[in-house]
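Just below sit the structures, each encoded as structure tokens.
What follows is a pair of complexes built around chain A, which joins chain B in one and chain C in the other.
The block that comes next holds the complex of A and B.
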């Protein structure tokens, strides 16, 4: 009509779809990832040969470049049964350090209390950098066929970014500032980033490291001097408990599906228990600088340091007990009965 | 005026928690957990689903396995916490669930079978449980007999 040649539209691509005809409806919790695990879209391969970044369930394109250098391509290397649930929970329970913390309730504190609080905030800034950096590095290594677990790690990176910023804000909010770095990211904590295997990383970071930090966040709420600090620590503890849940459920999955890896996992736990949980690098332990800050806060000032330290040791005992219960929940509790783990002995020494 | 503790009292709190958006603060979000409260000789099961507390039941102590975790304190301490919330509009710094938890040697939450994964739900959703109890501030309450 307008003089243009009469070309036939090539719609051959329309015949190259993934599984077609799916229909899902939102449930009580909205339209969740669990709701769309249907048909072929919900089937996870035991081994993934997807190196092109193809979304799981999409049709293949033979000429696609191998853009992903994925090293985690086996389901049992990465999986956990509640990944979709943890991801949705992470998204829906986000909070803002700018507007959800009642910063206006912070008032001037005695110098020793303020300095101790700032030391703790500096420490949390340091370790949360590690807790954000490490999963961020792993995300790009994981096959997109296991995107649910990948997404949980992405949400964790966002959580850790918020933890870094909220503790930085607290340190700068009340006449103090950041203190000298504690060096907490040297040694075991920094070594988490040297893990070559995902489960090695997860057992170090989610189960041992974040489990210990979870106890410290809860301590933070106990020593909070105002509603702002109470809420800051409580909301961080909620996020941290979710990260710990990832690690426990991943180990539980491996316990059930990969008996050939049990001894290897026991070795990761040996390392964590000897170097961190019962060693000098536990930030709530008796040798660490941060433990002095905690004791000052728990006691209510330098003059009550001994009382604060007594409370700290009691809480540390709980930290270790909770770690034991988590490892038992993951299926690896025998180590506490057969003398392999140093944790029961350390608990007895604290009594 | 409902009496603490009773199913009627918890349902009054539930009604306020479910309908007052100011009680669903940042970080509160949806919650999936069953919490049992052991108060005196009674056990109350609170089922949280999404943004709501969906149901309150009084259960037998033998059925406590239905809960992910349970909280148990002597009656005077429950009453102290409830009175503190009523007086202040929300728990003050010494009466939040987390503070009470850390002041007890073995902590406040327990889980059936000592399953720490289920016990950790208390920490994962702590703001919801605090918001729920803080909702009791606006409920006219008769305190039950302290034995």
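The block that comes next holds the complex of A and C.
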């Protein structure tokens, strides 16, 4: 190549590599991210100074550009102990809305039931939009030193894309169509997507928001009118459970490592219990239009609305109990004993 | 337990509660009732849903709420910061199909790679492979960080693109995952971090998603694609073959979206071709410096040559041929897009054989 720059082979970098001599073997679950957390490669910094985006454990290069712009650099701000498990499970449990749902089992439904199902699907599109947009926004802000947690968020973004996709497909597959949006996820201050702190966001989105939706998806056997819908809710519940687990495990880690933030977390939970769980973002919440649609689906038509609504109340009670269990598991259960939380009172009112 | 007994058990404790009559204000608002999309031989795909008003993809989407395309509006909702609201800023006709393809072609580094097929390599080759993968990890990281930065700013009038990019970002994470596992599974480790010139150009490309696409895919994408191709050809075992074959297929899908989008943007926006020309004039120099960077260049040559000795002649010759191919692929794509590069930056030009060189420019 005449006129080409001098391109001699350079081998000086061979003496400037990361920790050498690592040999990891696959276990019975293959070669997982947990398996490769060994030696220096498994050591996570409490505070990350990695601003060049290098993979954790790679050798530093003094002249590398500081292009990361990462704002989440403390382990306690982002970490959870089971991130590798949640990520690997997410990859194992990916599914396709095009081919894994038995769409052929959908039969024409009475108009009121079809419209109720379509209203619910329209609503789920809105909320899945939030759960996709928000984690995506945080990914580029998190130091790649904590890539395991980042990977779980990326898997969530893909899960939510598939959820939007499956609910849109259901709305357009059976003689219905999308209905009117609820607006429950618009730009209200204090909402999930306007949070400026990762843990604040996670407590709102994963713990209270997705927690409430998870309880709903788990009732898919009752809400679904045919095998396609039942499967759709079952698969979505499986994904949603991972997202909720992320939030709970992150809160648990924060509880154990950051006592100075306990009161702040309690304040987020106060908000969630007074707003998210009762407001429009909870499809079964008392202020949600979707509650009526759910009652029609659960009862089997407008004529059985009262019966359906009573099932919905039972679901609401279950939502609250599951929420309490999750918060207790994260280490913040005292609020249910000391009178701070309104949730026990709400459960009592439903008994 | 039967469904009836389950329901009874559920509702026993709330049977005394009086139920208010429903208001049903949410009913009767559908903009197009009676839609019934049937699945085809490949299932019920995202693109199949684009019928009637649901398939009307607007040139501009004013709505800054999370209203799904085709749903009825609820006036008075506070806006969210969706800044990419014009079709030419992100659209590609192939996005829906590429999304479904990506979902179907998913693979799992933990279990789909035959890790037990790895066997010890000579130290210089193992070091070179680990170094190459460390750099590729950072390239994939820049790609995913750029995608996720823009993704949340894209309006829901164009959900097909958002959905494709959601999968693309996880795909990049999967590449990083597979490369890291390969580095740590065979007696090696990670290498020296990237100098990061192109990564910097990509991450600092904040003018718009189209501009980021120019740098990630049009300018650097072919170089990454050809590295995967050559690494596949020089794979030492079935595990490496599987990794690079999957990465090549994934990356090619990303390139398809990118070129489709750029073609659309150029056709729809009068000034776009000139903007891309300027970006390329500036970026070519950065790419050329990255390509010539001694660490990655030498590591690739050692892999291609089977060791340091083979790397000096055969490996470097393969590397030169790969770079030549990448530049030609890039120039061909530019021509296809209607932004023919009559002059290219002199550093990039110098990487072509003399009889293939174009008019060099100092710009950039």
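Heads up, the rule we're going with is that the second predicted complex is superposed on the first by the 333 of 351 C-alpha atoms of A that agree within 3 Å, B and C clash if a C-alpha of one lies under 4 Å from a C-alpha of the other, contacts with A are read in each partner's own complex, and residues count from 1 in each chain.
Heads up, the rule we're going with is that a residue touches a chain if its C-beta (ideal position, glycine included) is under 8 Å from a C-beta of that chain, and two chains touch if they have at least 3 such contacts.
Values in this document were obtained by computation on a predicted structure and should not be read as measured data.
Applying the stated contact rule after C-alpha superposition, one finds that A:237 touches chain B and leaves chain C untouched.
Touched residues of chain A, counted separately for chain B and chain C, are more numerous for C.
In the superposed model, A:162 makes contact with chain C only, not with chain B. Of the two partner chains, chain B and chain C are each touched by A:314. Looking at the shared chain after the overlay, A:28 reaches chain B, while chain C stays out of its contact range.
By the touch criterion defined above, A:214 lies against chain B but remains apart from chain C after alignment on the C-alpha atoms of chain A. By the touch criterion defined above, A:248 lies against chain B but remains apart from chain C after alignment on the C-alpha atoms of chain A. Of the two partner chains placed by superposition, only chain B is touched by A:224; chain C is not. In the superposition on chain A, the residues of chain A contacting both chain B and chain C are 29, 92, 94, 96, 99, 221-222, 314-315, 318. Within the complex formed with chain C, the residues of chain A that make contact are 1-5, 7-11, 13-14, 16-26, 29-33, 36, 38, 41, 52-55, 57-61, 63-65, 67-69, 88, 91-92, 94, 96-99, 101, 103-104, 112, 115, 118-119, 122, 125-126, 129-130, 132-134, 136-137, 139-140, 144, 147, 150-151, 154-155, 157-158, 160-162, 164-165, 168-169, 171-183, 185-188, 193, 221-222, 289-290, 292-293, 295-296, 302, 305-307, 309-311, 313-315, 317-318, 350-351. Residues 28-29, 85, 89, 92-96, 99-100, 214, 218-219, 221-222, 224-227, 230-231, 233-235, 237-238, 240-242, 244-245, 248-249, 252, 314-315, 318, 321-322, 325-326, 328-329 of chain A are the ones touching chain B in the complex. The residues of chain B lying in touch with chain A in their complex are 25-30, 32, 49-50, 93, 96, 98-99, 101-103, 105-107, 114-117, 119-121, 123-127, 130.
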